[in-house]
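Two complexes come next, and they have one chain in common, subunit A, joined by subunit B in the first and subunit C in the second.
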Partner chain A sequence: MLSVNNVCLIPNEDNVFSHSFARGEICVVLGANQSGKTNLCRLIAGLNTRARGAVHLDDKSLEKLSPRARPVSMVYQAFVNYPNLTVFENIASPLIARKASNEAVSKSVTDLAEKLRIDPLLHRLPSELSGGQQQRVAIARALAQDAQVLLLDEPLVNLDFKLREALEVELRELLRASNTVVIYTSSDPRDAFTHGDQLLLLDKGKKIQAGPPLQVYERPSSPTAMALLADPDINRFYRDGKLCALRPEHIELVGAGPTSGNAVDFHMQVTAYETNGDESFVHGLVEGAEWVLRQRGMLPVNVGQTLQINAALRDVVQF
Partner chain B sequence: MSSFKPKNNRAWLGVLPVLLIVAFSAVIPLMTVVNYSVQDILDFNSRFFVGFEWYQQTLKDPRFVDAFLRQVVFSLTILAIEVPLGVAVAKGIPKDSRFTSLILILLALPLLIPWNVVGTIWQVFARPDIGLLGWTVNALGIPYNYTAEPLHAWLTLVAMDVWHWTSLIALLAFAGLTSIPTPFYQAAELDGASRWQVFRYVEMPRLQGVLIIGVLLRLMDSFMIYTEPFVLTGGGPGNATTMLSQHLATMAVGQFDLGPAAAFSVIYFLFILLFCWIFYTSVVRSDDE
Partner chain C sequence: MMNRPGLSRGVLIVYGLYLLLPLYWLLSMSLRSNADIQGSFSLLPPTLTLANFAEIFSNPVWYEGFANSLSYVAINTLISLAVAIPAAYAFSRYRFLGDKQLFFWLLTNRMAPPAVFLLPFFQLYSAVGLFDTPLAVALAHCLFTVPLAVWILEGFFSGVPTELDEMAQIDGHSFLYFFMRVFLPINRGAIGVTLFFCFMFSWVELLLARTLSGASSKPIVVVMTRTVSASGVDWGLLAAAGVLTVLPGVLVVWFVRKDLVKGFALGRVS
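Entry: the complex of A and B
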C-alpha cells in the first residue's frame, strides 16, 4: 500500500492531501489542469517538485530515497525515449542501469515487446515510429523496471483518437495483472471508467472524493465532484433553496422522457445546437442558468425556440 | 495547370536581384582570381598564360606546406579545446535563474569585440614587462616570453582564440540544452542513469545539430584566421605563427606576386571547402547508420 500523508500539492494553497493507494488496483486520479496531478506523481517519484509531504510504501518512508533508489517508474504525457537508442536498447535501459545479466535483459525486453505488440520494431529508432508506437516503447520501458509503483501521467493525451482507444484496452489488461500500485492521472472522465478500479477526484490540490468510479458517479459528494465526471458540464438549479444538479445525458425532451409523475419539468430557451449525427448537444437557458443536454441521434431543434424538457426525479442530485 | 494558363516565366525576375548580388559578391571575384592564377602578370599590359604552373609551384613551396600544417594543427587544437569546453560551460549555466540573462550577456561579450582589438588586448595582456598575464607568469617563476619563444607564441595564440570563441559554442550548446523538455531528464533519473549517461543519451543526441553548425563555423573561421596573429605576433617569432592567410597576404600585397597568390587563394579556398565537406558528410553519414 502506498500512502501519501499531509501533502501540500500546490504551493500557496492551504489544501492538504492524504490518500492511500492499494496494490493490484488501478487508481485514476482525475482533475482539471493545475489540480496537482503531476505534482503528486513527481512527489511519489522523488523528482524535483514544490509539493511537500510524507510518502510511505508499506510503512517504509520513501522520503530519503533518491528517485533512482525508489521502486517507482513513470510514463509521461510526452513520448519520452532515448533518441539515439533502438527500441530494444530503450526498453533495456533501466535494466542495464541496474546491471541485470544479458539473458535476463533480453528475456524481459522480448516479453514486454510482445505484450505491447512492438516486437517487430525492436531494431528501429524512436524517430522511425508513430506516436502510438513511441508511447508503447515508453510504457514498456516503465514496465521493464518491474517497479512496485507505476505512475502514468496522462499517458494517452497526445495520441490521436483511434490509437488511443486501441492502447486503452491493452493497457487495462496489462496493468490489471500485476501486484503493483498503479496511479493513472487524467483530465478525461472516460478514463475513470475505462481504467479505474478506484477513482480519486482532485481539485486545487485537495481530494474531493474517492471510491469506485460508479459509486462516485452515482453519489457525488459535491457539485465540483459531479462536474469533474461530467462531459459537458452539469446543469444547476435550485429547489426549495437547495442546489440541485442534473447531468446532460439525463435530460429528455418531453414526450420521449419519463412520465410526468416521476419527473421534474423545465423550459429551455435554445441558444445553440450542435450535432455529429450520432450525438447532439442542445445549449440553452433554464431558469436563468446556462444548460446543456446531450441526446443520441439528431433532434428537431431550432435556435430561439423554447423546448419542453424534463428529467427523472431519481437522476436529480441534491446537495 | 499549363493548359489553363499561358506559360509564365516572370518568377525568374524575382530571382534576378539575388543572382546579381551573388554574381558581384562571389562569382565574379572568384573567377577573377581563377583567371589570375593561370597567368604570369608582370604588369597589367604584359601577361602570359602559364597554365597550372603556379599551382604546381605553390604545392611544392615549403613555406606553403609549413603554413598549411601549422594551420591544420591550429584549427584542430582550438576545436579540440573549444567544443568540449563550450559544452561544459553551457552545462554550467543555470537554466531558469534570474542571473541567466546576465551570464549570457557576459558570455557574449568576447564575441562582440573586433578581431584586431582582441589581438591588441592579448598583445598587451601577455607582455612579460607590463601585461597582467605575462608579468604574473614570470613572477611565478615560469619564464614566459611570447615574442621570443615559438611555443609560448602558440600557447598565447591558442589561449586567445579559446577566450574569443568558446562563448560561441557555449551559447549554441546552451540553446540546444534548453530545448530538451524536463520529462526526458526525469525519465533518465528514474531509470537510474548516471550523470554521464544522461549527457551521453539525453543531451548529446539533441546537441548534435547545433554542435555540427558550431564546429563548421569554427573550422572555417579558424582556417581563415588572420587579424589576431597578425596583431599579436606578426606571424613570428620567425614564421612560427604564420598561418595560411598571412602567408597569402605577404605574397599578394607585400610582394605583388598576383599569379602565385591567386593560385594559392584557389587552393586555400578548395581546402576549406574540402575540410567542411569531409566533416559534414562523415557526421551526416554516421548519423544515418
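Entry: the complex of A and C
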C-alpha cells in the first residue's frame, strides 16, 4: 500500500490531505489542469517539485530515497524516450540499470514489445515512430522496470482520438494483471470509468472525494466533485433554499403538458444547439442559470424557442 | 514575377566565382616559382612546382610553426570543451543564486578586445614561467572561447527536455551513465559546432599568439608575418603556407557541416 500523508500539492494553499493507494488496484486521479495531478506524481517519484508531503510504501518512508532508489516507474504525458537509443535499448534501459543478464533483458523486452504490439519496431529509433508507437515504447519501458508503483501522468492525452481508444483498451488489460500500485492521472471523466478501480478527485490541490468511481458518480459530496465527473458541466438550481444539481444526460425533453409526480419540470430558453448526429447538446437558460442537456440522436430544437424539459426525481442531487 | 532560372543561376555562379577567386589565386601562387609570380600575368600557372611545399615540410621554422599552432589550438579546444560542457549543463538545468548574472558576465568577456588583456597576460605569464609555451596561448584564448562555448552549448542543452534526465533517474541510471550514454551523444552536433568555433578563433587569432610566444613556440601566423627577408618577399612560400593554414579549417568544417546551420542559430532550431 502506498500512502501519502499531509500532502500539500500546490504551495501557498493550505489544502493538506492524506490518501492511500492499494496494491493491485488502478487509482484514477481526476482533476482539471493545475489541480496538482502532476505534482502528486512527481512527489511520489521523488522528482523536483513544489509539492510537499510524506510518502510511505508499506509503512517504509520513501522520503530519503532518490528517484533512482525508489521502486517507482513513470510514464509522462509527453512521449519521453531516449532519442539516440533504439526501441529495444529504450525498453531495456531499466533492466540494464539493474544489471540484468543479457538473456533476461532480451526475454523481457521481447515479451513487453509483443504485448504492446511494437515487436516489429525494436530496431528503429524513437524519431522513426508515430506518436502512439512512441508512447507504447515509453509504457513498455515503465513496465519493464517491474516497479511496485507505476505512475501514468495523463499518458494518452497527446494521442489522437482513434489511437487513444486502441491503447486505452490494451492498457487496461496490461495494468489489471499486476500487483502494483497504479496511479493514472487524467482530466477526462471517461478515464475514471474505463480504468479506475478507485477514484481520487482533486481540485486546486485539494482532495475533494475518493472511492469507487460509480459510488462517487452516484453520491458526489459536493457540486465540484459532481462537475468533475460530468461532461459537459452540471446544471444547478435551487429548491427550498438548497442547491440542487442535475447531470446533462439526465434531462429529458417533454412533448406537452406536465409529467407525473416522480419528475421535476423546467422551462428552458434555448440559446444554442449542437449535434454530431450521434449526440446532441442543447444549451439554454433555466431559472436564470445556464444549462446544457445531452441526448442521443438529433433533436427537433430551434434556437430561441422555449423547451419544456424534465428530470426524474431520483436523478436530482441535493447538497 | 517572371521566373528566370537562368538569370538566378548566373548570378549565383558569378558570386561563387567571386568568392573562390582569392582562394584559387592563393593555390595557384603556391604552385608557382617566385619568378613566375612576378612575371607576366597568367590565369593558369605556366609551370607547376611543389618546391614551396617541399620547403615548408623540410624547414623546421615552418613545420614547427604549424606544430606549435596545432598544439595550442588543440589544448585550447580541449580545455574549452571540458570546462564549457559541465558549465552549460549547469546553466541549462539548475536555477541558482546569480545564475543569470553569471551567464551574462561570461558573455561580457567577449566584449573586450583581446588587446586589452595583452599586458596583464604578458606580465602574469612571465612571472609564473608560462611565457613562450603553447599552454600560455591556449589559456589566454580560453578567456574568449570558454564563454563562447558555454553560450552555444547552453542553447542546445536547454533544447533537450529535462524529462529525459528524470527518466534516466527513474530507470535507475547513474548521472554519469546518463551523461555519457544519452546526453552527450544527443548533443554530438552541438559539441561539434562548438569545437569548430573554438578551433577557428584560436587558429586565426594573431595578437595574443604573437605576444605570448617567444622563439621556441612561434605559431604559424607569426612565422608568416616574418618571412620578409633581405632578398624580398618569398611570395610562393607564403602562399603555400597560406594554403596549409586554410586546410585545417576546411577539414573541421567538413566534419561538422551538417550541424553548422543549427550552431549559427545558437541551438534555437529544433
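Note that in this section the second predicted complex is superposed on the first by the 314 of 319 C-alpha atoms of A that agree within 3 Å, B and C clash if a C-alpha of one lies under 4 Å from a C-alpha of the other, contacts with A are read in each partner's own complex, and residues count from 1 in each chain.
Throughout what follows, a contact is a pair of C-beta atoms (placed from the backbone, for glycine too) under 8 Å apart; a residue touches a chain by one contact, two chains touch by 3 or more.
This one's a predicted model, so the numbers in the text were calculated from it and none came from an experiment.
Colleague: Which term applies to subunit B and subunit C once both are placed on subunit A by superposition, clash or fit?
Modeller: By the criteria stated at the top, subunit C and subunit B clash after superposition.
Colleague: Quick check on the superposed pair: does A:V72 touch subunit B, subunit C, both, or neither? Answer first, second, both or neither.
Modeller: Both partners, subunit B and subunit C.
Colleague: Now for A:G277: first (subunit B), second (subunit C), both, or neither, which partner does it touch?
Modeller: neither
Colleague: Looking at the overlay, what does A:S93 touch: subunit B (first), subunit C (second), both, or neither?
Modeller: It touches subunit B and subunit C both.
Colleague: In the superposed arrangement, which partner chain does A:G241 touch: subunit B (first), subunit C (second), both, or neither?
Modeller: neither
Colleague: Just to be sure I read the superposition right, which of the two partners does A:L47 touch: subunit B = first, subunit C = second, or both, or neither?
Modeller: In the superposed model, A:L47 contacts both subunit B and subunit C.
Colleague: Would you sort A:V80 into first (subunit B), second (subunit C), both or neither based on which partner it touches?
Modeller: Both partners, subunit B and subunit C.
Colleague: Could you tell me if A:G288 is touching subunit B, subunit C, both of them or neither one (first, second, both, neither)?
Modeller: Touch partners of A:G288: none, neither subunit B nor subunit C.
Colleague: Using the superposition on chain A as set up above, list the residues of subunit A that contact both subunit B and subunit C.
Modeller: In subunit A, positions 45, 47, 67-68, 70, 72-74, 76, 78, 80, 82-85, 93-94, 97-98, 141, 145 sit in both the subunit B and subunit C interfaces.
Colleague: Taking the touch rule as given, give the residues of subunit C at its contact with subunit A in the complex, in rising order.
Modeller: For subunit C paired with subunit A, touching residues are 161, 163-164, 166-174, 177, 182, 185-186.
Colleague: Quick check on the complex: what are the subunit A residues that touch subunit C?
Modeller: Touching subunit C: residues 45, 47-48, 66-68, 70, 72-74, 76, 78, 80, 82-85, 93-94, 97-98, 141, 145 of subunit A.
Colleague: Which bits of subunit B are touching subunit A when the two form their complex?
Modeller: 181, 183-184, 186-194, 197, 201-202, 204-206
Colleague: Quick one: which bits of subunit A touch subunit B in the complex? Just the residue numbers, please.
Modeller: Checking each residue of subunit A against subunit B gives 42, 45, 47, 67-68, 70, 72-74, 76-78, 80, 82-85, 93-94, 97-98, 138, 141, 145.
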